[in-house]
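Which chain is which? They are A, B, C and D, in the order written, and residues in each are numbered from 1.
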Amino acid sequence: MDKIPILRMGELLLVTIQVDLHDRMAVQLQDDLTDRIVQTGAKGVLIDISALEVVDSFIGRMLGNLAAVSRVLDAETVVVGMRPAVAITLVELGLELPGVRTALNVERGMELLGGGHVGRAQG
Amino acid sequence: MDKIPILRMGELLLVTIQVDLHDRMAVQLQDDLTDRIVQTGAKGVLIDISALEVVDSFIGRMLGNLAAVSRVLDAETVVVGMRPAVAITLVELGLELPGVRTALNVERGMELLGGGHVGRAQG
Amino acid sequence: MDVRKDETYELRASEDIVRIRQRARAWAVEIGFSLVDQTKIVTAASELARNTIDHGKGGTARFRYLVNGARKGLRLDFTDQGPGIPDLQLALRDGYTTGTGLGLGLSGSRRLMSEFEIESAPGKGTRVSVTRWT
Amino acid sequence: MDVRKDETYELRASEDIVRIRQRARAWAVEIGFSLVDQTKIVTAASELARNTIDHGKGGTARFRYLVNGARKGLRLDFTDQGPGIPDLQLALRDGYTTGTGLGLGLSGSRRLMSEFEIESAPGKGTRVSVTRWT
């Protein structure tokens, strides 16, 4: 079975979803990502969905769950790269991804997560 | 009846939950911890749940209550060491521990609480 | 109204949902839908295919390329012989689910498509038909 | 569908909830569930056992190890002769409680398990059956 790769970048984890997700892959990703957050002590997670041509309610629920699980483990999640057609469709579907922060692209997402760590600069 | 030990570490209290909690032990812990916060004037409480293999809605509610009671007594609570499988399950259960701060482990939790005392640096 | 193309696909396992999305995309492109419309159609197909598999215990998806004068359309029929839906009005409500989903599949698909029809008989099965016109 | 093991446990006092969690863990390990699945099953068992004791005034938990072709499953039935639930739909809603809980026991258990069935008759009692498949 294909696995979604999870890359470590300093204090962040980057998940790039490149394929149309099977339901079982989505569940596997949640398990893998949660383990990695705990192993690495990551403070933030970027989920790049720029390759996804469709986000249905199942994948939307998975994104919401990933964000919620990360939050419970003290890591913040930002979903980046949502295509405009996907965003329009999600709203019409009735899915507004509450609790999920979004950013235009990976760079913007990193800024958003970096912005949470200003405490270090002050210290 | 078993009691959950509460250790003092400087301005912090450390609660290490080592056993699968009976409902009555959970209630007892809340009473004990409240007393200790008042006695010691602790500014922070770390609750280490790394030994807990399961957190159901009863224990989740207890953690939320401990955090709320501490807050009223001007102490901050951080729950540390949640296992990945527990985090995934909590979210699916529908329990996202609102109002409860979390950290990876005791060290991170202490940093978080230390960071919360910037008032001292100013004083 | 002419039917220019008519095909039926099996829906058994969760992998078939991915396949139905790919097919819905291909048909929507062929018929000439805009990118946003393609995305809406594929999303609705995904929701309804998942219902057929998860709630209906499997069934079929029939795709038809329709032509009505100058307008072209894509009609998708999802049919199963599963347990049926006892209370349609309730099932069509946003957020209502008897499973672990978000309860947006039926109500959301209805919003995403131009036409929506549902028939269900308890114990006999369910048929949902959705159509989108260019 | 074969039943490879079948046992029933008493649920009387709050200590029994801890015991049910331990038993659910042992069965889930024996059947070969992943760690995450074990945790989901034990959590659902804990919620439903607490309901049987707190709301149902005590009862039993029946555990069954099921085999269906290549798939293995764990079915847990919680039964009591308590007051029953007058409005099931309401009771299944996230956050609904008539007690001091969070109102997530029933709705949450449903999300955690593959199958969920509930029967209740006011004045007669309640039976909740949940199953998870490998």
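Of note:
To be clear about the criterion, contacts are C-beta pairs under 8 Å (C-beta built on N, C-alpha and C of every residue); 3 or more make two chains touch, one makes a residue touch a chain.
This structure is a prediction, so every number in the text was calculated from the model and none was measured.
Using the average of C-alpha coordinates as each chain's centre, C ends up farthest from chain B. Chain A maps onto chain B through a rotation of 75 degrees [Cα fit, steps of 5, range 0 to 180].
In this assembly, the C-alpha centroid of chain B lies 48 Å from the C-alpha centroid of chain C. If each chain is reduced to the centroid of its CA atoms, chain B and chain D end up 28 Å from each other. Rounded to whole angstrom units, the spacing between the C-alpha centres of chain A and chain D is 32. Among the residues of chain B, those touching two or more other chains are numbered 83-85, 88, 92. Along chain D, residues 36, 111 each make contact with two or more other chains. The touching residues of chain B, counted against chain A in their complex, run 82-85, 87-88, 90-92, 96-97, 101-105, 108, 115.
Listed in rising order, the residues of chain C touching chain A in the complex are 14-15, 17-18, 21-22, 25, 35-36, 38-40, 42-43, 46-47, 50, 94, 101-102, 104-105, 107-108, 111-112. In the complex of the two chains, the chain A residues touching chain C come out as 20-24, 53-58, 60-61, 83-86, 88-89, 92-95.
Looking at the complex, you find that chain A touches chain B at residues 30-31, 34-35, 37-38, 41, 65, 68-69, 71-74, 119.
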